[in-house]
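Read from first to last, the chains carry the letters A, B, C and D; within each, the first residue is number 1.
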């Protein structure tokens, strides 16, 4: 039975495992002050353009989110997010546990817009209400959509005008930056956001996210905060080695392209069958709307998740492809869909 | 230059790396609900005796500490610790960041005693002061000493009589349980404490600590808390695979014995040279008191840390050995010491 | 210019001031352990029926809310509230600052229903999401409506069946319990909720809310929590004296009836003029929908607040009456409204 | 039986009560935006010298402390305090509940010195430890001693040089500023500290502390924080009226002088009897060391607290006088002491 449940089912790309093995008996400094981490940061920095960024390698995504958000807000400040945002729904109140409200705003296709942000500011005007100070967006979004460069420029503009920190959650950034519709680069992100992270866990690493801080005021004392939240790994070089492998050449993007290509084949099969989608299919997450009676059959051969009931007879489900998804499993799924849906 | 700086300089034992590689293309369930984690827990449970324990694999030690302490205390309650305790000094206020005071008590050789605990209870008697509700101990302690079974029985007794949760930080448990003076087993710990963790990071794993919860009231909803603190790894099976490798046979203890044996050789050399120690040498951390003028020389060939100034002419330094410390490097250190100190 | 802005514009009822003055040179124990507080609790307890309650006098409403909610929730648990609930909108993230998410649910007339609560439970089912553990309601609600006894029985039933703590914010409880439509008593509240508070600040006291804890598990160590949040007044007897004055006879309810009667006259005038309301007028807060062009005129003689834009030409405004509102000012407002709206 | 237990046994000075009564039927704006608060701030500001300060009236001392400390620290930062400091011992972990460690330093006579502060900085040097960022002192201290102007200048200097915020807890500031040994003024405090508060509760008010923020960076958004911690009183004018009464003339200082004078008489009697003190007697708290067998007798006629066991036969006790302490009660105490101790 093949799983399209998520993009963290497999271990790590073999080049990562090989580098971990070949360097294993080296003695490295602890806490991320080692040569591999240094090298990984250099590789990433080369892709960020002229911006002087601080890069920190963090074990996981929820950790990165709670770290960044709690590091930069004063106690009375909140973060604006799409109501579908990961921090609003799927982090068990991790942000609130650090003392801050997530101001969830209704959104289309998982994306915040300048209008929605301005609306949040308008209704939070005095000291009886929390003060919006940060904007959280995800790319790809939780619905598999992406931000265009034009959209990100607009968001960045409104944030800078209104004194809001713009933070981008890049758990699936590889997929976002390598999909057909994308026109953003890492250098654009460094330019347009104040902080973002480059997800490793969902793109071929065992674990690890590379947090990029570009705004000067955000850099101070950040290692204290990493340590305090339990995110400063003793063997930080484990993260360094992995990002070194991902960025010493094009591997990071190659893996993203692969997961998108696998999703595209499934999408094509579904489009041909006239299936509609909960959100525009673009990246490695697809949300086709299927007849409920079919799901029982599908479950026998494939693993996936149900996203949302659409009506009594239809549900939107989620297929996720990854760096490790095989051509064979995609072919099997497409063939199953064609057989069953026609 | 060989480093005796700490026990997390190297990657992972080769059997761990091999298992990670050989299972890498398996598709496993996320968030620790996979077969490797299940198997690892089974192996560990077999060593715990009749106690029904919940086991959770957590990425790191500070995370485990802050998780356990904040999970079980109400807002007005505090945790008693030795003033040398890791949570008091070296976790950047991680416990306080979850809202709880660390009540640091002066201690000898890094060890809490029933008397010290009762003293803390006596001086915290009403609602104008925090309420002690948990006791935190480390084994090995931060000074490399260990608790004997008799001592742990006494601590356990006073905690149970006074309604205190007893939690043991086992970052270096492998070294503690395999040293010459030890008479404790994992089964004793399960019996005598309410929660403890079996450290992997400092005993041959890339990362990972196995938290054992034995007290029934502590088990409820613990996965919510792991997720909230950002400690529920998407690829939880990475931790499962490592503990599977460490516990499928005696590997975990073999590695602990090795690090102790390496330390013992250094200790012997120092004893022969008449060097005295800041705390009794027992496990893989040694704290010899050396003439300060010698340290400059030592630094040229070995890495170590300075623990404490003793007087104008002497400092206590720290040598740490590990699962990966080689016979050659120990021999080199001993020979250097003999040459220089005589 | 008369203010209908809120019900905390005036100081305190003269009987309260007189008792404060006549007892001022007594020496009383600090921190609420004085005879006046004891007497006030006795008076209140007599109205609670057979329930054995713990009563604590707290300086203010936001404090009481954050105290109660943070005292009884574990870190991963959240409180369900109407989206209009005071804790969701108007307490500057006070609840989140204690670490807990407010799960805001869309509601009609400011009131939670069993269906809405069950919906929240249904969509919060696993450890990736916060766990609902408490239900927060207000009576009167933030829209001036009240819960009937039948409604509260239903809410209580669903909470008890599903293990949820039911907490009622009674900032305006005097107005709720003395309005025409009400069929609840303090004894019913003690029976049907786990905790509620009897608001003093908005009903004739200088400050003070009487928190009633009826659920046994909620009582333990509560004074520690009051102290920790800065809510244990050194001169706690100041609160005791005020609640003694309010409850030694019917004064508390007399003041509530007065504020309702004043509102009723304004409501009658508005109804006669055919004005419609944002929410059914019942208690001392009225939300008439008025033509925007009229507001400029109204502002010249009366103070009030704008609640909500209804359409381009109409807004719902808020008039609040209080224990101190005079017949003359109500007559003046009614006469102004009649003159201007016809 | 007369109580020398504390300085918050009585209600309020009659001029405060009279002003509360005479203004009670005024309609005032809520939340401290009223004319009395404005007037009180003006009176206080006139005493602060050229400094432009923001003044906020807060209900209580623990609230003020937790507000100030949590408002200005980032999550990884801590506050240095004397080990006897109120925030370290007697606030039930209120500071830790906001996420910050209190770094308690051993001190003499309850007073911090530049040396002690520099010692704390020296031992907290990297990201594995909390970062000291604020210094908390009390004047009078918890042992009834005071800071001289020279001492405060030195503390201020070291704080400014090292980037530390200097905050002074003035719960008993009236007593400090009016004692014989004092050479500080409110204007000095405004000049030398970054924030301090002028205690009302312990000097004749029903409740209330006037927080003075002089450092520019500390002023922004402070009302948000007051609201969030539940310290923004709906009837803020209650505080305004009281500080108006205290500062419209010399009343605040007159009351402080009275409490010191009462203490001085008791001190004189004790000195004549050759009694020694735990800390130098200066203000309205005295800590005489008395034979334990005498305390039983003393308890029959007077209330006081036991501070510390000195040896098997002696304890230091605490006598506190206040604005309301009568000549008669002091005479009675002195006469009792003379009779019993000779």
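By definition in this document, contacts are C-beta pairs under 8 Å (C-beta built on N, C-alpha and C of every residue); 3 or more make two chains touch, one makes a residue touch a chain.
In this text, all values refer to a predicted model and were calculated from it rather than measured experimentally.
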Chain whose average C-alpha position is farthest from subunit B's own: C
Length of the line joining the C-alpha centres of subunit C and subunit D, rounded to whole Å: 34
Chain centre separation in whole Å, for subunit D relative to subunit B (CA means): 43
Computed distance of Cα centres, subunit D from subunit A, in Å: 50
Interface hub residues of subunit B, defined as touching at least two other chains: 75-76, 91-93, 97-99, 127-128, 130, 224, 227-228, 232
Contact graph of the chains (line, ring, star, complete, other): complete
Touch list for subunit A against partner subunit B, complex: 2-3, 5-6, 8-12, 14, 17, 20-21, 23-30, 59-67, 91-94, 97, 201-202, 206-207, 224, 227-235, 237-238, 324
Parts of subunit B lying in touch with subunit D, wherever the complex brings them together: 75-76, 78, 89-93, 96-102, 127-130
Subunit D - residues contacting subunit A, complex: 70-71, 74-76, 98-99, 127-128, 130-131, 221, 223-228, 232
